[in-house]
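Step one of this worksheet: look at the structure below.
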Amino acid sequence: MTPAKKGILERLDSGEVVVGDGGFLLSLEKRGYVNAGLWTPEVVVEHPEAVRQLHTEFLRAGANVMQTFTFSASEDNLESQWEAVNAAACDLAREVADRGDALVAGGICRTSMYKHHKDEAAIKKLFRLQLEVFMRKNVDFLIAEYFESAEEAVWAVEVLKESGKPVAATMCIGPEGDVHGVAPGDCAVQLVKAGASIIGVNCRFGPETSLKTVALLKSGLQNAGLKAHLMVQSLGFHMPDCGKGGFVDLPEYPFALEPRVATRWDIQKYARDAYNLGVRYIGGCCGFEPYHIRAIAEELAPERGFLPPASEKHGSWGSGLNMHTKPWVRARARREYWENLLPATGRPFCPSLSKPDASE
Amino acid sequence: MTPAKKGILERLDSGEVVVGDGGFLLSLEKRGYVNAGLWTPEVVVEHPEAVRQLHTEFLRAGANVMQTFTFSASEDNLESQWEAVNAAACDLAREVADRGDALVAGGICRTSMYKHHKDEAAIKKLFRLQLEVFMRKNVDFLIAEYFESAEEAVWAVEVLKESGKPVAATMCIGPEGDVHGVAPGDCAVQLVKAGASIIGVNCRFGPETSLKTVALLKSGLQNAGLKAHLMVQSLGFHMPDCGKGGFVDLPEYPFALEPRVATRWDIQKYARDAYNLGVRYIGGCCGFEPYHIRAIAEELAPERGFLPPASEKHGSWGSGLNMHTKPWVRARARREYWENLLPATGRPFCPSLSKPDASE
Amino acid sequence: MTPAKKGILERLDSGEVVVGDGGFLLSLEKRGYVNAGLWTPEVVVEHPEAVRQLHTEFLRAGANVMQTFTFSASEDNLESQWEAVNAAACDLAREVADRGDALVAGGICRTSMYKHHKDEAAIKKLFRLQLEVFMRKNVDFLIAEYFESAEEAVWAVEVLKESGKPVAATMCIGPEGDVHGVAPGDCAVQLVKAGASIIGVNCRFGPETSLKTVALLKSGLQNAGLKAHLMVQSLGFHMPDCGKGGFVDLPEYPFALEPRVATRWDIQKYARDAYNLGVRYIGGCCGFEPYHIRAIAEELAPERGFLPPASEKHGSWGSGLNMHTKPWVRARARREYWENLLPATGRPFCPSLSKPDASE
Amino acid sequence: MTPAKKGILERLDSGEVVVGDGGFLLSLEKRGYVNAGLWTPEVVVEHPEAVRQLHTEFLRAGANVMQTFTFSASEDNLESQWEAVNAAACDLAREVADRGDALVAGGICRTSMYKHHKDEAAIKKLFRLQLEVFMRKNVDFLIAEYFESAEEAVWAVEVLKESGKPVAATMCIGPEGDVHGVAPGDCAVQLVKAGASIIGVNCRFGPETSLKTVALLKSGLQNAGLKAHLMVQSLGFHMPDCGKGGFVDLPEYPFALEPRVATRWDIQKYARDAYNLGVRYIGGCCGFEPYHIRAIAEELAPERGFLPPASEKHGSWGSGLNMHTKPWVRARARREYWENLLPATGRPFCPSLSKPDASE
């Protein structure tokens, strides 16, 4: 369908930066289509135009990947709806991807079952069901994401590898490691040995913490003499205070996270730091809106050689403000201004950090 | 076209709450379609699907008004494009309005010309050009918004009144009054005498400050023995520190406002306070995303007797969290929790307030 | 005893700045001699050396007034101890005052009785008992301070006037007026008509709020065609959030006020603002340590023509840091640095403002 | 001279808690007697009553040690004054110690010379000169404090050991180790091998960080199979953001540290945490006022079996507020209230943390 496009590994092997997409669950919750708490993607069937629009915005922002909106879309969460949801999500991702330079990635994530019954065969069967839809729809590559246990992530990679397509695997862990205490470096080794070509982290932690964890993944591979491409899709929220359990444990989750939202400048720094760490697949997760993805594409435009379509509507480092009528606003049209600004909250009772609720 | 729908004055006269829509400029800037600094709405022609989607989200959130996205769309800002933009914006608003219980409001705002030449005839001509499109497209009522001078707002109301349709007028002023020092109460009197049936404020100031200003408008009318419906469309940002000039003067404007974004709970409080003040047309301006509009509709559901469509995806006061797997997250599914939470920023160097840049 | 010294009115009438002293209760509580909650001055009998030392420090810091430490030292608070305490306090103040250019002021404050029985005769009798000691000890002038009701303050002034000595009167009110709703301007008029030559505010509110209240006192006198010298002795704490009841209602009172303590630079600003407002008797109350008083004397040294003794140990605007071994600390030895610094708390969970507890 | 008193090692060997004293430099700077920047103790000669008073306050607060105020009082800092200063400081400490259950500790600290010439013989000679005065004045034990290099600290211990008196040694280091990169555990080993019976840290870092460093000292000794008593005298300021160089590098040093001052409740927590870590010599350094020392003595009163004299003026956990006239202030007279309070600053522009200036 998109014969001329380079595959994901072709891009990464040649040193290209791949810009990932952002978060669907929280964005679409705010747009009125996803239920907070359940966090399931029925919207792809119920209101496909809303999903298509968000895909389109990420594409315009520079994303090279349209991940199918199939988070928690396995049979154990969605029951009989699961197949229709997975199929519709593939169609939407493909439709938009074909309008630009983007690949379609079929995504699976941790199961609800794992927590209660670590039944490898049953869990792999859940993964395989989704994979069958992805194969029928001919996605370009596969992502196993949001795993908090290396064991279940390995099972997912093993199933996805059966397809012969490239497999990326990201865990939602921080520097302290997985839910069973497996260190990030060891998780990395297990994922690569299971067949993942791209490994990294997604969700649960903010930009800085996520990059710390990726650095540990990287060292783990180096120490084991293994190689893989690195990937990061952090939260679009500042979370230095979130503890081992990640943002779910913070008192603001999920309905009062607003003061923690990253600015576009914070994300430019994240993109640059990721690049300097050797990460070449850089995207976002919950809290990443289209303009955050654009910030990645703009920060790395010098390396990539081009700007994304949505940059037509955005001068770099605020240069659009040059047209403002007030001189003190025009004075903000420069990099130093935004790089050094410490934004205020306008909330007189606002503390800087929260104490996480007790974690498992 | 929508014969069964009650008009704006019919609704307000009978005591109904009218839920306004939210902000297009900043939302669409973040989605990648509007240029910050210029803040003009060419997107209605260039990417109508993006505007249609945002209208749809506001409709689902409970908005009873689809305001045409014609901000700064007069000839002096858009040159030859102006007519196509105004026409397309009307069509988009009408298309979505017809899918629910919403009216179309044609919107005009202050001109760029006024600052340099207070030429009443020339400025009125600019307004009249837009009005002609609105009449051709048969909008349901008219809004003159974002005026910082009562004089220019009066000119706008006078032109709009020529149409015979109901006219609302909102100024972007705070409690200190308009740019020439006219007190809010006096602005109110001038607008009503010019023919506005609905008066209020929009933009530039946060929820609390905007309601303070509306209270002053109300007193002004009472003292003059005049009557009008009240309307408020505040920013979706906390701005207690913004000074007379409003949010434009704060150092975070427009690219680092994230920590100031209101939560849905803040907006429920705003909606309740507005209602208690006697305001019956309650919406938002810049920073108001669809979920903020939904918060207005949910807060006032007891008075209105129904919830908006998007509440299917949102239990009141976080009740959707009842399904969460972690007990300490389930414990957040209650009103007291969110009403009393002081959200943190996750930014260790974040102050609560900023000092505005020098203002005109 | 100090024949050469100019009296308080002689100084003020000739336009001199009189530097007041600071707070005894909270300073001596922290030094281990005063009981928080009771706030009574038995220490003058029990540990006179501690009180002498604090007087000495204020004298060295530039204070021109040694106020007797007789706060709440009336018979209704101290019972049989009252006379010994008043006498000892006078002796200590005189002893230190005689070592420098300072006057002794006998101080009385609101009674406990007033709240329960507004018995003018009984309350005046309590005042008169203290006054008799002050006369016997021949203090230089008298201060009625910390009154929350204009009525009781007037009674105090009337009693003190019987002595023939100059009388100063300060109330512990904010811009909203006294406990019965008497506006500051009206309080001022009543105090001057009762015979006070110097009026102002002390305690309960921070520097900025206290000066706002003094401005209202000043206007009240001007509107009434009356004249008096102005005096201010604010808290040494930042209290913009304290509400009508003052600092007592803030949750941090009295054992967690540390983050609110003013820096010496804050106090220099206070001294300058007070001077510009026309206040010529400038001192402090609770939270004013000796270095805060020195900051007043240093800020107004150009007007007064001399520095206080303790400035031997303190270069202006941090110039002593010129001797520091580290260059980045030496770089702090200048006015712009300290004037513009926004000090941090080192407390990651620290909000900027508190909500006052319910007030009477 | 004080034959009945138990020596420092006798106390520690038997498991007693020894309460140290607090900071002289910053306290006496605020009282008007010490020059910030130079930080030298001429005040013991110039104004002995001020030093005597501060010693007395620490004694009343429960301190078991009167450290001679001889910080930076070596010949290379004070020139010809050095001998008079050391002698006077010993006399003052002894005079006050003899009024209670306190020992006199002669104190030396790092030299200015070390930074420029690491001349062991010359530096040891400077130490020996001070030691001769201490021996003549017959202090009870010796403290080598505020060393940033283990090498120089070892030289100091070696000299002090010549006296035959017990030697304590504290370094002003954080968890990252000394100025040459020697880890805390290794510093500990070197100090004990040189002859120190008590080791620990003082100054430069806040309570929490100081205890982290002491934990590292303790592990270092355990790993080396060595034993010593542990000691901590942290700053009375919150400094989580101070970096390797300690508080000197923070922009607020030394004239805007007010918002960082620890409350008495913070210090009770510090005392308890220190005790639980096995530290038995617990005192403070800069920023520790008498009431902070009292907080140590009160927190550990159950273990020690008695309260200090100054607790006559201080009910535990705010119980003195039981006498307050306002019910909402009386409601603060309990442990839970103060333990859980997050104090505000009253400074709307106040951030929680600072960025240290560049460090050497």
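Chains: A, B, C and D, in written order; residue numbering restarts at 1 for each.
Note that a residue touches a chain if its C-beta (ideal position, glycine included) is under 8 Å from a C-beta of that chain, and two chains touch if they have at least 3 such contacts.
Being a predicted model, the structure only gives us computed values, none of them experimental.
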Next item on the list: Please state whether C-D or B-C has more C-beta contact pairs across its interface.
Entry: C-D
Next item on the list: Please work out the Cα centroid separation of subunit C and subunit D, and write it as a whole number of Å.
Entry: 33
Notebook entry, point to check: How big is the gap, in whole Å, between where the Cα atoms of subunit A centre and where those of subunit C centre?
Noted result: 60
Checklist line | Centroid distance [mean C-alpha coordinates] between subunit C and subunit B, Å | finding: 50
Margin query: Where in subunit D do residues touch at least two different other chains?
Written below: 241, 342, 344, 348-354
Note to self: Using the definition of touching given at the top, classify the network of chains in this structure as line, ring, star, complete or other.
What the structure shows: complete
Next item on the list: Write out the stretch or stretches of subunit D touching subunit B in their complex.
Entry: 241, 348-355
Check: For subunit A, which residues count as touching subunit B in their complex?
Finding: 29-38, 49-50, 53, 56-57, 60-61, 112, 115, 206, 237-241, 248-265, 289-291, 294, 309-310, 313-315, 318, 320-326, 328-329, 331-333, 338, 341-354, 357-360
